[in-house]
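In order of appearance the chains are A, B, C, D, E and F, and numbering begins at 1 in each one.
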Amino acid sequence: MEVRSFKGGVHVPHSKGLTEGKETVVCSQPKTVFIPMRQHIGAPAKPVVAPKDPVKKGQVIGEAGGFVSANIHSSVSGTVKKIHTMKIMGLDTTVIEIDNDFQETWHESVTPRAGIDQLSGSDIKGLIQEAGIVGMGGAGFPLHVKLSPPENKPIDIFIVNGTECEPYLTCDHRLMLEESDQIIQGLLFMMKTVSVKKAYIGIEVNKPDAIDAMTSAAAPYDSIEIVPLAAKYPQGGEKQLIYACTKREVPSGGLPADIGVVVANVATTKAVADYIVLGQPVIERICSVTGSGITTPKNMWIKVGTPLQHLIDECDGLTNDSAKLIMGGPMMGNAVAGTEIPSTKTTGGLLILNEADAKIGETVACIKCGRCVSACPVGLQPVYISHFSLQDRMDLAEQYHPVDCIECGSCSFICPANRPLVHSIRVAKRHVMENRRKV
Amino acid sequence: MIEFKELVMPIVSMGGLGIAFGGLLAFASQKFEVKNDPRADEINAVLPAANCGGCGYPGCMNYAIAVVDGEEVNKCTVGGPKVAEQVAAIMGVDAVDAGDRKVARVHCNGGVNAVDEYDYQGILSCRAMNLVSGGPKACKNGCLGCGDCQDVCQFGAIKLENGVAEIIAENCTGCQACVKACPKQIITMIPAGQNTVVDCMNNEIGAHVKRNCTVACIACRRCEKACRFDAIHVINNVAVIDYSKCTDCMECWEVCPTGCITANHELKVVAEVIEENCIGCTICAKNCPTECISGELKQVHKVDQTECIGCRICYEKCPKDAIALIPKASPEKLKETA
Amino acid sequence: MQRFKVTSSPHIRDVDTVTRLMGDVILALLPATALAVYLYGLRALLLIGVTIVAAVATEAVCQKIRQRPITINDLSAVVTGLLLALNLPAGAPLWMGALGSIFAIFIVKQVFGGLGENFMNPALAARVFLAVSYPKLMGQYLDPATDALSAATPLALLKEGQLSDMPSMLDSFLGTVSGSIGETSAAALLLGGLYLLFRKVITWEIPVLFIATVFVGTFLLYGFDAEVALMAILSGGVFLGGFFMATDYATSPIHFNGRIVFAIGAGILTVLIRRFGAYPEGVMFAILLMNSFTPAIEKLTAPRVFGTGGAK
Amino acid sequence: MKDILRLGLILLGFGIMSALLLGLTYQVTLEPITQSRALADQQNQQLVSPEADAFVPVEESVLAGIRETNPGILEIAEAQTSGQTIGYVAKSAINGFGGQMEVMVGVDRSGKVTGIRLGNHAETPGLGDNASKPEFYEQFPGLDIISGIGVNKNEPGPNEIQAITGATVTSRAVTDAVNALKAVVEEVAR
Amino acid sequence: MENAGLFTIIVSAILVNNFVLSRFLGICPFLGMSKKVETAAGMGMAVIFVITMAGIITWFANKYLLVPFQMEYMQIVMYILIIAALVQFVEVVLKKILPTLYSALGIFLPLITTNCAVLGVALLNDQYNFGLLKTIVHSAAVAVGFTLAIVLFASIREKLEANDIPKAFQGFPIALIIASLLSFAFLGFTGMV
Amino acid sequence: MRLTTLTNGLVKDNPTLVQLVGMCPVLAITTTLQNGIGMGLAVVVVLALSNLLVSLCRSFTPERIRIPIFVIIIATFVTIVGLLIEAFFPALHKSLGLFIPLIVVNCIILARAEAFAFTHGPLDSLLDGIGMGLGFTGALMIISLIREILGTGAVVLGGTTLFQLPIPQTISMILPPGAFLALALILAVINGLRNRKEA
C-alpha cells in the first residue's frame, strides 16, 4: 500500500479512541432549536418565515443571500417562536428560534429526485444549490460555488476528503463506515456536474476499517481511487490533500480550481446523495461529542440548531473539571464561551477538555529551534512572522508571507516555548489583508 | 635657501588639477543639472518631524513633496494651524482655515463595569483578543482594555484606567492613529472642546445589554427627549450626538439613567446679564430655549439662573456682549450615578 | 454559570518544553563531563561548578536589573556554563571560567535580549574571548595521564607537522589526550550526540555534514591520508562543536536548507583555519564565523512558500 | 562657460596656495628631517654595536650581492673603532606575525651577536610586541649566528633563545633575521 | 606585500586585514549605513566603485606626477583632492544619467568622500608598492571586504531589529557589540597570509 | 556666549561620544593613553586651524566645490603639521607619526567644516574647532585609558610606567574587538545615565 503525504506537518496524538469504535446514535430532539442564518462562508441567508409561522422539517426558512450563500432549512417541525440576533463567536447572527412539536412532519418539498442517469450536470448543480449544501469539513463553503469553475479552468480531478486529521474527532470516520455507499453515490453525482473522469478519496492510514469500507464501496467504479495517506496533521488541509493525491500545488493565493481540482468532505458528499436520492436537505449531521470533560463521549446524529447544552446533556453532562468547550477539533476548532449557542451544518465535533488537558504551558522566550518552520505545511517561517507581529512591526512581518498561512496551528502545537504563533500570525494576516483591500 | 624652482612643479600640478576639477565639476553640474524643488526641503524643515502619517503621507518629507506638488497646506494634524501658516508662507498662499481641532474619543465606559463572558488566555493585545470570538467582553462593542491604541499613540495621549482606554484631550494631536488601531472601532474624532459625549456604541437591545454592562446605552430615549436642540438621537439602538447642534448644556447627561453619557459637570455654566451693557434689545429672551430670560424692551434683562441650562445661545446672540457665562458652582445637581 | 477558558486555536500542545530540551542537552553532556572529572579530578569539577554558577548568576542579575522575569530555571544558562567549562583547558584558573561566563551571558546573550535573541554562540564567543585575551593561560593544557602541563594538543602537533608525536587513534577516541576538558573524548561526545539525535533535540544535518566536511577537507588538504583525516575529526572539539555548539538553536539557521549551508561552511572554515590560520584550533572560529553568516544565510535560503513556483 | 571658468579658477587658487605652502614647508623641513632620520638609524646602530665609533655603509654592489640571497636585508654597515672594522650592523625587514618587522642586528666579525633592536613593527601588543622588550632582545648578545641560533619554547639550550610565550612566530622571525647575518659575515669579510 | 600573489592580496584584504573589522577604516559609514541589508549592499556597491576608481587614478597620479617630480609630500593633498572631485563628479553624473542607480547609491556618495577607507586604500597601495594590476585587485578586494562586513553586519542588525534590547544598549552600543563579536570571529583568519 | 561654543564640543555635542563621527581613529589608536593623547592633540591643532581657514575663506568658496576646497585646506594643514613635527620634534614624531595622515580623513574635521565653520565667523569657528578637538581628545583619553589598563594592566606615558595593577592582561582589549567593546560599553553607560536623568 503506497502511503502518500505532504512536506511538513506534525504528529499529533490522535486521541480518537474515545469515540472511534462507537456506532453513531441518534440524538434526542431539543425542545427548541436555534437556527442561525450564517452557517456558511458568504452572505448570510435571509429569513423567509415570520414569528408564529408553522414550519415543517426540511422546509426552507432562510433563503440564500446571494450566489455565495446557501439556503437554510428547518431541522424540526413546529412553530417559529422568534427571530432575533445572537452573538455567536463574537458575530451578530440572525437566529430563527423554533419550538419543536416533536411531530417530525416532513415538508412536502422533501421527495426523492430522479436517478443519476436522468439528471444532467447542471440539473445536479441546481439541486445542490437548492439543498443548501455547504462544505461540512469545517469551512462551510457553499458547494454549488465550488462546482461552478470559471470556463477557462476546467476541472479534471475530484477529491473527497476523508482524512479527518483532527485529533479526537471521528464523525467522518463513522460516516465512512456507516454510509459508504451514500458517499460514493454523492461523489458520482458531483463528478457528473463538473464532468471529471477521476476521483480520489483520501483517508489517513490510522483508519484502516474506513479504507476497507470505502474500497469495497468504490470497487465497482474504476474512476474512483482510494488513497491511503500518512497519519499526519494537517493531512486534511485542502492544499496538502491535493498535493498528496496529485502532486499539484495550489498556487499561493489561488484556489483548487486553478489547478483543476475540487475537494469536498465526505459528509458534504453524502449530503449530495441525501438530497438527490432522498430529497433530504442538510438538516442534520454526525457530531462527535468527546473529550476529557464530557461524561459519556458519543457520536450522534444531531439536528442543525441544537443548543450545545442539549448535546452535553445527551452525553450525561460535563465532568466537574471541564474547562474548555471547543466547536470542532482541538487544532482548528473555536473555543466558545457558553453552551447556549446552537450547532450548525459544520459542527462535526464538540470537544470538551478538562482542566488538565486545557492547560497550555507558560509562554517563554523563543529559542529559535526551528521546529515551527519544519512543521509548517506551507513553508512559512512562523517564528519570524510571529516575532514581528507581536512587536507590531507589520511591515517586517509582511515580508514573511503571513497571508499564505492556512492557520492549521501546527507551529503553535510543536513550539517548545509555547509561543502564540498562529494567533499572532492571524493578527498579521488580518492586518495585511485589510491593508491590501484598502489599496 | 628656498629653491623657487622646486616650487614650480607642485604649483603647476596642483593648480592644474584644481582648474581641471573645478571646471569639470562646474561643467558637470551644469550639464547634468537636476532640478530639485528647494521648497520641499524648506517645508520639511518646518514640519514637526513626528512622521506620524496623520497627513496621509508616509512621513513628513513625503508630505512636503506633496505640498509642493499642490497638496493642501493644512494637512499636518500634529502641527496644527501654526505649521499650516508656516507652510503656507513658504508656498506663498494663504493658510486655508485649518479647521476646528478634533480629538479622538474612546466611546466606551465599560472596563470594570462590563462583564467578561469567558476567561481569555493568549496574546494581550486588543487585536489578538478580538480575533478570539471578539474578545472576552460580553458587550460586542466594549473596549478590550489592552491598549493597542495607547501603543500606537506617539503623543502619550491615551491612558488606561479601570480597564478602558481614555484620551487625554490636551495631548491629542488628532493624528487618528488610534482610530485605525482599534479593532473594536470605538474611537472616533470629536470637536476638541466637546464636553458632552455618549461613551457607548453598543447597539444591541434587550435585558442582556444591562446585564453585560452597567454603563451601556439602553436606547431609552430619555436624552432625546431632554435635548432642546435636536442634537441627540437614538440611532440604531444607541444614542448619538450631533456635535454641530450640541450646545454642551448637559441636559441629556442629567437624565441618562445608566451613565453612558459623559460630561464634566464642573464646566456647566449659567448666563448672567452684565447690566451696564444691556440695552434691552430682547434678542436673548427671544432665543432662550427655556425662556428663563425676562425683561422689557429697552430694560435691563434678567436671567432666572435656576432655569438656565447653560446652552450659551443668549451669550452668542447678544449684540452688546452683555451676557456673561459663570460657572454653575452650586453642586446641588451633582449626579448620583445609577 | 460556568465560565470557560477561551483561547485561540490550537488547543493542545506538544509535550516538549524549553526546560526539557535544555535538560536533555545537559544529560547528553554528562558522559563527557563525567569523563572530564574522572580524568582531571577536582580541578575540572570546580571549574565546571564555577562557570555554571557564574553563568546562572549573571543571567539572574541581568534579568533582575532589567525587571524581566527571571528565567534561570529554563536551564539555558546552565548549558552555556557547562559548555564553556568543557571548552576550557584543565589548567585554566577559576576566575577565568567565571569571567568567561559573565562575558557569555552578559555581552553575548542578555544584551541582545536574552534567550534565543543572541546571534552568536555565547559559550563559544566567551571561549574565543578568553583565548584571545589570555593566550598563555588558555594554553594550560594538562596531560590527563601525568597531570603535568602538557606539551601540545594533537592539533598543535598536526599544525606543526609533527605527525609522529600524535597520540594514538584510540586515545583520541577515548579522550586520554591533552585538550580542553570536555573536547577530547570523541566517544563520550558521540554518545551524548546520539542521545540528542534520538531525542530529536537536534537534527542530523549540522553534526553529520559538519563532521563529514572536516573529514573530507582534511583528507584533501593533508595529503590524502585517511588516518590524518580521521584524527582531525576525533580531536580538537569537532564532536563537541558539531553536536553541541554548531547546533545551538539561536545561532544556527532555523531551516533545513540553511543548516546545510551552515554545516558545510563551518566544516570548510574549520579546515582552512586549521591549515592556514595562526590558530591550531579552527572549530570555534569556524562556528562563530558561521554564526555571523547565519542571518544572511537564512535570508538567502528561506524555504519556498507552498504554491509559489516549483512543481505544478 | 563663465561659471566653469570661475569655479576652475577658484579651485586653481586654492590648489596653488596649497602647493606653495606645502612646497615651502617641505623645503624648510627637508634638512632637519633627513638629519633626524639619519640620527635615528645611527642611534640604533650604536645600540646594537656599542663598541663601534663609526658606521660605514658597505658598497652598493656588495649590498646588492647579499640581497640576492637575503632580500630581507635592507642596509649593511661596517662597524668600526678607530677605522678598524670590528663587526657589522644590518637593518632587515622580515615577516612577523602581524606583517613586516624591522630589525637592526649587530654582529662581530666572528659572528657573535653584539645586539639587536626592533624597529617599526605591527606585532600584537602583549604578545609579539614583547620582542621589543629587553627581556627578549637581551638574550641575543653573545650567541653565535654561524652555527645558527635556535628557538626553544620551553628550556633553551646553548645557543638557543627562549621564545616569547604565545608568540613563537615572532620569536622565530626575529631569530631568522639575526641568523641571516651569517651571509654578511661570510661574504663581506671576504 | 609587494611580492605577494594576487590571491594572497585578495584573501588578506577581504578577510585577514578586513578594513572595517581589523584596520578600522570606514567605520562611520559602516555604523551609519547598516540598518538594512539593502542599504548596506547599496553602500557596498558604491564603495566598490569609488574605491576601485580612486585606486586607479591615484596610482597614475603617483606614478606620473608625484614620483617623477619628487613631490611625494604632496601625496595626501593630491589624493584627497582627486577623491573628493571624483566622488562629486560621479554623483552629479549618476543623478542625471542613471537616476535609478543614483537613487539606489547616490545618497551614499557624499558619505564616501568622508570615508577614510578610500584614502586609506590609496595610501596603502603606494606603501605596498603595487603595480597597476595589483592596485586594482587590492583596491577592489578591500572594497569587497568592506561590503562583506557591512552586509553581514546589516543582516545581523536587521534580524535583531525588533529584539528586546536593554534601553541603554539600543542604537550604537548594540551595533558596536555586534561589530566587536564579528571582529572576534574574524580573528580566526589571523595568520592566513 | 562664546564660551558655550567652546564647551559644546566637550560634553553636550561631544563628537565621539554623542555625535559619533570620526570613529576610525577612535577605535584604531586608542590602544594606549599615550596614543590617545597624541592623536587628540594633533586633531585639536588641525581642527582649529582648518575651521579657522574654512571660515575665513567662506566668502569666496562656491557651494558646488566646497568639499574639494575643504579637503585641500585640511590636507594641506595636516601635511604641514606633519612635516613640521617631524623636522623639529622628532621624538614627538616617533610616537605620533603614524596618525598624522589619518587625521586627513577623520570625519570630524570635514564634518565641522561643513556643519559649523562654513556658516560661522572665524573666531567662533576657531573656538568650535578647539572645543570639538578637546572633546575628541577627552573621549580618546577615556577609551584609551580603559583599554590600556585592562589590556596591559599598566599605564605607560612617555616611557615611564605610571602605575601597574596586579591584574591579568586582557589582551583582547588592545585588539580590534576590544576597541569596539570598550566603546560600546562606554556609550551604554552614557545612554544609561541619560535615560535615568530623563526618567
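Here is the rule we go by: a residue touches a chain if its C-beta (ideal position, glycine included) is under 8 Å from a C-beta of that chain, and two chains touch if they have at least 3 such contacts.
Note that the structure is predicted; figures quoted are calculated from it, not measured.
Chemist: Can you name the chains that touch chain D as well as chain F?
Modeler: Joint contacts, listed by label: B, C, E.
Chemist: Counting one step per pair of touching chains, how few steps separate chain A from chain D?
Modeler: 2
Chemist: Please state whether B-F or A-B has more C-beta contact pairs across its interface.
Modeler: A-B
Chemist: Which chain lies the greatest distance away from chain E when centres are computed from Cα atoms alone?
Modeler: In terms of C-alpha centroids, the chain at the greatest distance from chain E is A.
Chemist: By CA centroid distance, what chain is farthest from chain F?
Modeler: A
Chemist: Mind checking the centre-to-centre distance between chain B and chain C? Centres are C-alpha means, answer in whole Å.
Modeler: 57
Chemist: Averaged over CA atoms, how far is the centre of chain A from the centre of chain E? Could you give it in whole Å?
Modeler: Comparing mean C-alpha positions, chain E is 60 Å from chain A.
Chemist: Can you check how far apart chain E and chain F are, centre to centre, with Cα atoms defining each centre and the answer in Å?
Modeler: 21
Chemist: Calculate how many whole Å lie between the centre of chain B and the centre of chain E, each centre taken as the average of the chain's C-alpha atoms.
Modeler: 51
Chemist: At which residue positions does chain C touch at least two other chains?
Modeler: Within chain C, the residues that touch at least two other chains are 3-8, 107, 114, 117, 129, 132, 135, 278.
Chemist: Considering chain E alone, which of its residues make contact with at least two other chains?
Modeler: Within chain E, the residues that touch at least two other chains are 71, 73-74, 77, 81, 85, 88, 166, 169, 174, 177, 181, 184, 187, 191.
Chemist: Can you list the residues of chain B that touch 2 or more other chains?
Modeler: In chain B, residues 10, 13-14, 17-18, 21-22, 25-26, 29, 117-118, 121-123, 128, 131-133, 136 touch at least two other chains, as defined above.
Chemist: Provide the full list of chain pairs in touch.
Modeler: Touch list across chains, by label: A-B, A-C, A-E, B-C, B-D, B-E, B-F, C-D, C-E, C-F, D-E, D-F, E-F.
Chemist: Across the complex, what residues on chain D touch chain F?
Modeler: Touch list, chain D to chain F: 6-7, 10-11, 14-15, 17-18, 21-22, 25-26, 28-29, 31-33, 36, 39-40, 124-127.
Chemist: Okay, in this complex, where on chain E does chain A touch?
Modeler: That would be residues 161-162 of chain E.
Chemist: Per the contact definition, I'd like the list of chain B residues that touch chain C in the complex.
Modeler: 116-123, 128, 131-133, 136
Chemist: Which bits of chain E are touching chain B when the two form their complex?
Modeler: Interface residues on chain E, with respect to chain B: 65, 69, 71, 74, 77-78, 81-82, 85, 88-89, 92-93, 95-97, 99.
Chemist: Considering the complex alone, what residue numbers of chain C touch chain E?
Modeler: 66, 68, 107-108, 110-114, 117, 119-120, 125, 128-129, 132, 269, 272-273, 276-279, 282, 284-286, 288-289, 291-293, 295-296, 298-299
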